[in-house]
Amino acid sequence: MSDTTLSSAGPVDAKLIENLVAASRILAHHGVLDAWGHVSMRHPSNPQRYLMSRARAPAMVSIDDIMEFDLDSNPVDQRDRRCFLERFIHGCAYKARPDVNAVVHSHSPTVVPFSVTDQPLRAISSVASFLACGCPVFDFHNVSRTKGLLITNNEQGATLAKVLGEKPVALMRGHGNLVVAADIPRVVHRALYTEINAKQLATALSFGRPIKYIAEDEMLDPQRLGDSWDVWKNEAMGG
Amino acid sequence: MSDTTLSSAGPVDAKLIENLVAASRILAHHGVLDAWGHVSMRHPSNPQRYLMSRARAPAMVSIDDIMEFDLDSNPVDQRDRRCFLERFIHGCAYKARPDVNAVVHSHSPTVVPFSVTDQPLRAISSVASFLACGCPVFDFHNVSRTKGLLITNNEQGATLAKVLGEKPVALMRGHGNLVVAADIPRVVHRALYTEINAKQLATALSFGRPIKYIAEDEMLDPQRLGDSWDVWKNEAMGG
Amino acid sequence: MSDTTLSSAGPVDAKLIENLVAASRILAHHGVLDAWGHVSMRHPSNPQRYLMSRARAPAMVSIDDIMEFDLDSNPVDQRDRRCFLERFIHGCAYKARPDVNAVVHSHSPTVVPFSVTDQPLRAISSVASFLACGCPVFDFHNVSRTKGLLITNNEQGATLAKVLGEKPVALMRGHGNLVVAADIPRVVHRALYTEINAKQLATALSFGRPIKYIAEDEMLDPQRLGDSWDVWKNEAMGG
Amino acid sequence: MSDTTLSSAGPVDAKLIENLVAASRILAHHGVLDAWGHVSMRHPSNPQRYLMSRARAPAMVSIDDIMEFDLDSNPVDQRDRRCFLERFIHGCAYKARPDVNAVVHSHSPTVVPFSVTDQPLRAISSVASFLACGCPVFDFHNVSRTKGLLITNNEQGATLAKVLGEKPVALMRGHGNLVVAADIPRVVHRALYTEINAKQLATALSFGRPIKYIAEDEMLDPQRLGDSWDVWKNEAMGG
């Protein structure tokens, strides 16, 4: 799978790599990522490349684990490093969505119940207003019946990207979700508040009364995430 | 927005400022404040002023972040410091309620489900008996349809204060709540037990049986909060 | 309230006092006690006396905070120390139940929902089989309508003890519970697993299907709690 | 019960013992094991022997606590060490299932509600796809009515093993579960995700809509658990 003809798109600002690592740690710290999720970012110099850690539990990712991939998810310089089997989720999202520069794939715990019923996951909290447009649900049955409900090739990845469409979040039936955004702080915000909003909606649904969802014209993409990013990073990385 | 003609109401006892900082940290430690909530106190020497941190995640607020505002929420001495966009919630509460000396605005997670249904949030626990009189719900639709469901001016803030009336807590639809009290330990107690009581009530409602709420004549404002304040502060601040 | 004619029942083995302190810390660590609950033990040399900390948050109790009381809940040697207003819960339990040597009063969070509905709290887990005989519910309305739902005298305390009868746990409507046992490790076990079993039962009830409770002839009081006590103490006290 | 004629099957690789200890600590860290559960492994040199700690809370188990047992659960070299009363659960599982080399018995908190109702516990998350074949429920009533719902002899243990059949997990009514696997990392994975999937299924059921469970032909046993094992061990053991 490693293609020796690929050459690197070049070095990346250490601060950006540090943020990519922080994103893994933050989402693990908040329980959105378990031992198997992953975060990636598009290469800042070459939109045909993305950066993601080698196969490691996200809570343990460090700067030295970051690898470069083309959009077919071939590693640029694999050496002896194992890659995530599911990396095609990332490559296909970058291919289909030029506006996307950061991707999370998670087993976000409270997202799973919404992925296995026809109960829609929609925004009830303004901090999660990006969910006002709803979350499409990808079912592996629609591609090919696979063991383990894993996306492990570009055909499956492309189908998931198609289900995602122009939305920020797609659920993956019996598995988790795909979250995309324009940058790393934003994709962390979305992955985190998708989980929080899912918990809140489950509680609201338990009351058995009509729910006033956030309307699409009430959506607001936060203008800046500097303050929240600082505290998330501080909590997860120390110092 | 900064008004250079404003002069400060004067220095404030370091212990009071320390308690204001502790309040932010305590409510962040207990998960009532996420990366965006805020706590304020009325200026002890001048009731036309209040004190609140510059825009920072509450878990990271320190003494040097505290700024002074007039009740129109103009900063007295802004310099290069960013202010919370939503500070008008605080200024308007102080204007409308002379009895109030401390204000919290939060995204208290289990309060949100109550804010988006017509299920009332009322006290079932004596420690939260301040909720026996019920929580009015503010809906942004009643003011002006705004993106992000944010209160960012004095007109909106005044409407919220009017919905609050003489109560200790108002819910803000799809957003969180406004909590007011006579002092900092009390507003922390109220913000914390509004969340806890909301969780307990959600569980009680799930039984599908009639609920014996705390009656208004069973309400009791705690006479002193010294012991609880000590442990909350110790847990959140260390030592 | 302090009676200067009372003389102490004598010094108590330091290890026993240390366990009493540990009990407060353990139950605070597990979220069974919030800032206001309390644990007590009967004096080992004189059954007409009991030992309890002065008024402090249970997470902060230390050996020097332990005071001696008679069964009317008069402090033996008050000095300038504040006593818990609710200590009559303890004194009356010791008076009514010679078999009881340890008492907990808590705001156990998931117990409250059961206290405000007619949904009985019964054992579904063998580790909580002491609840197989059910939990009577005390309502303050049955004594005298009081502000704050607090027990603050011996008349109210005696009524609660009467409601408890020969059971290990009584719920207090809109407030929490009273837990009694033959010794400190056992009362900690009961207070902790009353909370855990309440959570489990709330989940089981949510399925809307018949529940197989632990039958009374399946009850088993644990023969020894040494191993669990070791780990609880270690987690709460360190080392 | 100790049989002095038994001789040891010989020393075991320190790394394997370390993993057995880590398994106890990991499952305690994640709240799957409380103060009383246990983990064991089959002896790598002699399939008629298994290794398990002496009676200690799993969070406190260390390498020196590991003892050797025959498949009737007699200790090889008891000395003054207390053994778990319930060890027959382990011995009988190894006897009935030659494919099994690692066993967990837990009070997994969210498993208990499923054990006391006829609501089946089945997989809705691909990480827990090992539950796609369902979980049989053992009821002590089927053996002999016992106090405390404890398995304390080989007859009871054999009945539980029979209920387990060829499955990876059996629920024990009003008590917890039995989890088996081919090795220690796999049994930890199964015990942990049985709890997580139970929580997720309880939430999904609360929506009151049909659930798309993981089908048996979607099951996939993870090929390797190295990455997750690393992070679980790191979180629980430090360093």
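Chains here go by letter, A, B, C and D, matching the order in which they are written, and residues are numbered from 1 within each.
The rule is short, and it goes like this: contacts are C-beta pairs under 8 Å (C-beta built on N, C-alpha and C of every residue); 3 or more make two chains touch, one makes a residue touch a chain.
Computed from a prediction, not measured in an experiment: that's the story for all the values here.
Any chain bridging chain C and chain D, meaning touching each of them, is missing here; the list is empty.
Once the centre of each chain is set as its mean CA position, chain A and chain C turn out to be 47 Å apart. Centroids of chain B and chain C (each the mean of its C-alpha atoms) stand 33 Å apart.
Residue positions 206 of chain B each touch two or more of the other chains. Interchain contacts (touch definition given at top) occur between A-B, A-D, B-C, C-D. Contact residues on chain B toward chain A in their complex (touch as defined above): 34-36, 55-57, 59-60, 107, 109-110, 112-113, 116-119, 139-140, 145-150, 173-175, 202, 205-206. Only residues 123-127, 129, 196, 199-201, 203-204, 206-207, 209-214, 217-220, 222, 227-228, 230-232, 234-235 of chain C touch chain D when the two sit together in their complex.
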